[in-house]
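Chain lettering (A, B, C and D) follows the sequence in which the chains are written, and residue indices restart at 1 in each chain.
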Amino acid sequence: MAEPATPTASQEVEVTPDGLVYHQVISVPYQYTAGPAQRAFLRGLAERRILGSRAGDAVLVPARPFAPDGSRTGDLVEVGDHGEVVAWTTVPRDGGPVTYGLIRLDGATTPLLHRLDVPAERLAVGLRVRARWAAEPTPSITAIDAFVLA
Amino acid sequence: MSGVGASADEPLRLPLTVRLPYDYAVGRYGSRFMTALRDEGKFYGTRDPVSGAVLVPPRPINGMTGEHLDEWVEVGPAGTVTGCTIVETPFVDPMTGRQRPIPYGFAFIRLDGADTNIYHFLEASRHEDIRVGMRVEAVFKPRAERVGSLADVICFRTLEP
Amino acid sequence: MARRSAIVATGQTDFVARRLDVSIAEMIREAVDRCLAQRDLDGSRVDAVVIGNMELFEGLHMPEQLMVAALGGGGRPVYKLNTGGTVGASVAVMCDHLVRSGLHDVVLGIGYEKQSEGDSQGNITTVGDPIWERSVMAGAIGNFAVMASTYVNESGVTAEQAAKVAVKARRNACLNPHAHLKKPNITVEEVLSSRMLAAPVRLLDMCPTSDGAAAALFAAEDLAPRLAPRPAWVAATATAHDQQFMGDSPRRLADMRSLQAATRTVYRAVGISDPRRDLDVAEIYEPATYAELAMYENCGFCERGKGGTLIDEGVTELGGELPVNPSGGVLSTNAVGATALVRVIEAALQVMGEAGEHQVPGARTALATGYGGNAWTEALILTSERP
Amino acid sequence: MDHRVAVIGVGLSAHARRRRDVDYAELALEAIDAALADAGIGLPDVEHAVTASMDFLDGRTIASMSVAEVVGSYCKPESRVVGDGIGALLYAWARMRTGAYRLGLVVAHAKESQGRPHIISRAAFDPFTEQLLDPDEEVVAGFAAQRFAIASGRSAADAAAQVVRARAAGRRHPALEDLPEVTVDDVLSSPLLAAPLRELDRAPLTDGACALVVAVDDVVRSLGADPVWIAGSAVDTDAYWLDRDLARVDALERARDRAVALAGWDDPRADVVEVGAAYGYQVLQFAPVLGVDPDSPACNPSGGRLAGTPAVVAGLDAVAECVQQLRGRAGSRQVPGARRALAHGWHGLGAQTHAVAALEAAA
């Protein structure tokens, strides 16, 4: 029988000095649905364009249906693929350290979360960076591979 | 996922399978029950000192009375079916990730000496072979295959002719 | 005596199997917007939000934090509940408590589930107790069928009587613009010949899985009459549990101890001695046909063992003496986190006189129930008269 | 007439890095038994319960089902909030102000050791625009620590000093498992967590439960209990972490203002303040908002999360500490003459939702 595309929870029973422990893995296939503004943002990425949503004087990136105050956003606005690092952090991961940045793109009010591929000694708040686009155009946040030195 | 050139209204979905590992402590009462199931092939419950009720799964407190329970009582391995069905719709066994072959019997079983029921599978898989009130007994895996889980019991089989 | 609260506005999305056009947040906002629009209110009137769902059903941890903009924005209290299938009713009960306590004047209650984004198999796996239940599971339908068998064995209700409940629900749903499963021409024969899932439960005996959201606005007693022409007053609420494990209650549907306890508490609080006579309408949480019949008995609409007789006599039909689930009920619409709040909302619409085509004429006193978790019951009495 | 409500019993399970000797119910029961004994009542006396837990942490939908029986909810009203435990106390308080219930139990439980924090906290991010980048709660904490350092001028060493201080305090708390003594240099040279944060900057993953018995005024009198009054409590949620200045904690200010206003205090300052802080920098960030000098003895006499109180449970643990302080029963941790206290807890990425309880000693 083929592996079903349904959730599974395997179980291993461990005997410990403190009693039994059940090691289980819950594995659930979710299917998330993007709404209109998020669809536009993601499909824009496939065309190497970054879209935000206008909210009063602000431009919110990624494009989204609601502003932080709960009001509905207005038109979609294209912002630059260059911007400035608002904050950065480096975390250890199994494959080596990964650096994340909050990047305020040119023309945007709010920062975007993404990975930074910048030499450690150059990392700084205020650093100018640009998107390095992935080779494959996909409607996904991974259409941007990382942000690199501008 | 639909991609470049899709119309603005065309749905965009993201399949994301989330794997969540957990290390569940079975606990003091649970470990004692599961260890006895594994080693002795026996079921135990805990008795309420005031009401006399024997609760399975065993637990430290009877929520109906607030009494602490520390008297262990052997129950089963025979019992009475208090509710039963033949499942004819596919269900994937979460422990194996594989679909259980249908049809199969499934029941509430009141183990002899207990005042509560446990769920388990029935050996029978035809409607005419099951009924509420039926007497059944546990069918254990061989000792060497038992790990300390309710799945150490394969199923319950009828004690009636 | 603490001040009273009343439901002054309600909103529901149109429930369907899959909402591929919107995200979870936009789906919730649709219900919120419809709720506020009913009385031409704007979101700034809301002092606090109470929201409920099951996080693992859509795989989002702390979803109310991610989606706070859709809930009307940050800058106010957001309370998150998760009490299982009953959570929508738990939300309503908490809204009532928050208003009555004097802590907030206007509270928005929200329930939602976008079940198409999760997986029904996954849902039941995560609900099961990891130690005692997951290794011996037969899914929600298997579990339910076992409980139903106990009830059938004791009460003698027939498959035909259960099928009549299915017919009532899907026909009533045709009168409800928000309902999911609508079958105007459904017959008892069709139900009885639908696929057997697990005896005695057939496909058309079970509720669907739906995408949708619901919202209700609760206001303090001095505000309510100014916000709605005829508020739905919360006359009484009650919550009750059974024991911890699925098998603990020896007779399950035949003896629904938490439902008995919760309904008797609210009846006593408002002076109902004969619910069949004193209630004008009930919206109860019936996940399957057999459960509705059992609930008739456990809610005290009839004597023990007479649930089948009640549907035979047409008592619970729209137009009967005590219409039950004129909205089409859970059997027609089931987005789990929203479902119990929909019961409360539908009960509110009835006593507000705003239920449209499925209005019970002159309804003044309504019962709403939620049922979930491990036999976790919420019960509310809503009235058109200020209690 | 609103009813006054007091905490009349507190109980903590043994808190430890890993409690694999007990399941969720047994863990909660340790706390419940202690709280009931403190209040001098039995489980059947409890009229209602509010619990706090998180399904993602417990690895189970409707995680509260695991503790339903030990909180005594058979045919009684339990409800369940998702988030920090102070939210559960707040809801119990709201219920009792209505007069509907007179004696209740508030319980929070968590086992941070049983799941995988990276995977669990990643599920709190937007699936499309964030989750695919594999972030977690620590990434947001790293950003927030950096923004706070820039805005406040507080150094990594200042934050590390809070870790040192909390661990020392925690060793005076009998329910908390002792953490190794560390120096500021140890913290600053510990392995990278999320720059500028180091591993020792973070609260240790901990398993535990906390229970409080709450009662209305006439029950307090009839039991002859030793009460601490809930004078005010409030919760407030900020915008999603990406949509706000992470150096600011507006939700905490609003929750503090509302709690203090409900308490009728002219001056928001209290004699004891238990600050919810999962990182050293958060003590520096949150304590001033709560009107307390982070280095004063009035701040976190229990040590708080940095001394090993678990997520979700931490807020109730903070209340429990305040109650014992106001009763004068905090032993070697006692802040002399404490009459008013503030307890604080939070949850959400970048501390999005804050809850505050204002407590008063009996007259």
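Structure notes:
The definition used in the following text is that a residue touches a chain if its C-beta (ideal position, glycine included) is under 8 Å from a C-beta of that chain, and two chains touch if they have at least 3 such contacts.
Predicted model only: the values in this text are computed from it and were never measured.
The most distant chain from chain A is B, comparing centres defined as mean Cα coordinates.
Taking A-D and A-B together, the pair of chains sharing more C-beta contacts is A-B.
The centroid of the Cα atoms in chain C and the matching centroid in chain D are 33 Å apart. Rounded to a whole number, the gap between the C-alpha centres of chain A and chain B is 41 angstrom. Each chain gets a centre from the mean of its Cα atoms; for chain B and chain D, those two points are 36 Å apart. Within chain B, contacts with two or more other chains are made by residues 9, 11, 13-14, 16, 18-28, 30, 59, 63-64, 92, 94-95, 149.
Counting only residues that touch two or more partner chains, chain C has 20-21, 56, 59, 68-69, 73-75, 121, 125-126, 128, 130-131, 134-135, 243-244.
Annotation for chain D: residues 20-21, 23, 25, 56, 59, 68-69, 73-74, 120, 123, 127-128, 239-240, 243-244 touch two or more other chains. Chain contacts in this assembly form a complete graph, since each chain touches every other chain. Across the interface of their complex, chain D is touched by residues 1-2, 54-57, 59-62, 64-66, 68-69, 73-84, 90, 93-94, 97-98, 100-103, 123, 126-131, 238-244, 257-258, 261, 372-374 of chain C. Residues 9, 11, 13, 16, 18, 22, 24, 26-27, 30, 55-57, 59, 63-64, 82-89, 91-95, 100, 104, 106-108, 110, 115-121, 127, 132-133, 149-151 of chain B touch chain C in their complex.
Listing the residues of chain A that touch chain D in their complex gives 16, 18-19, 21, 24, 26, 30, 32, 34, 38, 41-42, 60, 62, 68, 86-93, 97-98, 100, 102, 110-111, 113-115, 125, 140-142. Within the complex formed with chain C, the chain D residues making contact are 2, 23, 25, 48, 54-56, 59-66, 68-69, 73-83, 87, 91, 93-95, 97-100, 120-121, 123-127, 234-240, 243-244, 250-251, 254, 262, 347-349, 352-353. Chain A meets chain C in the complex at residues 6-9, 11, 22, 24, 26, 28-36, 38, 64-71.
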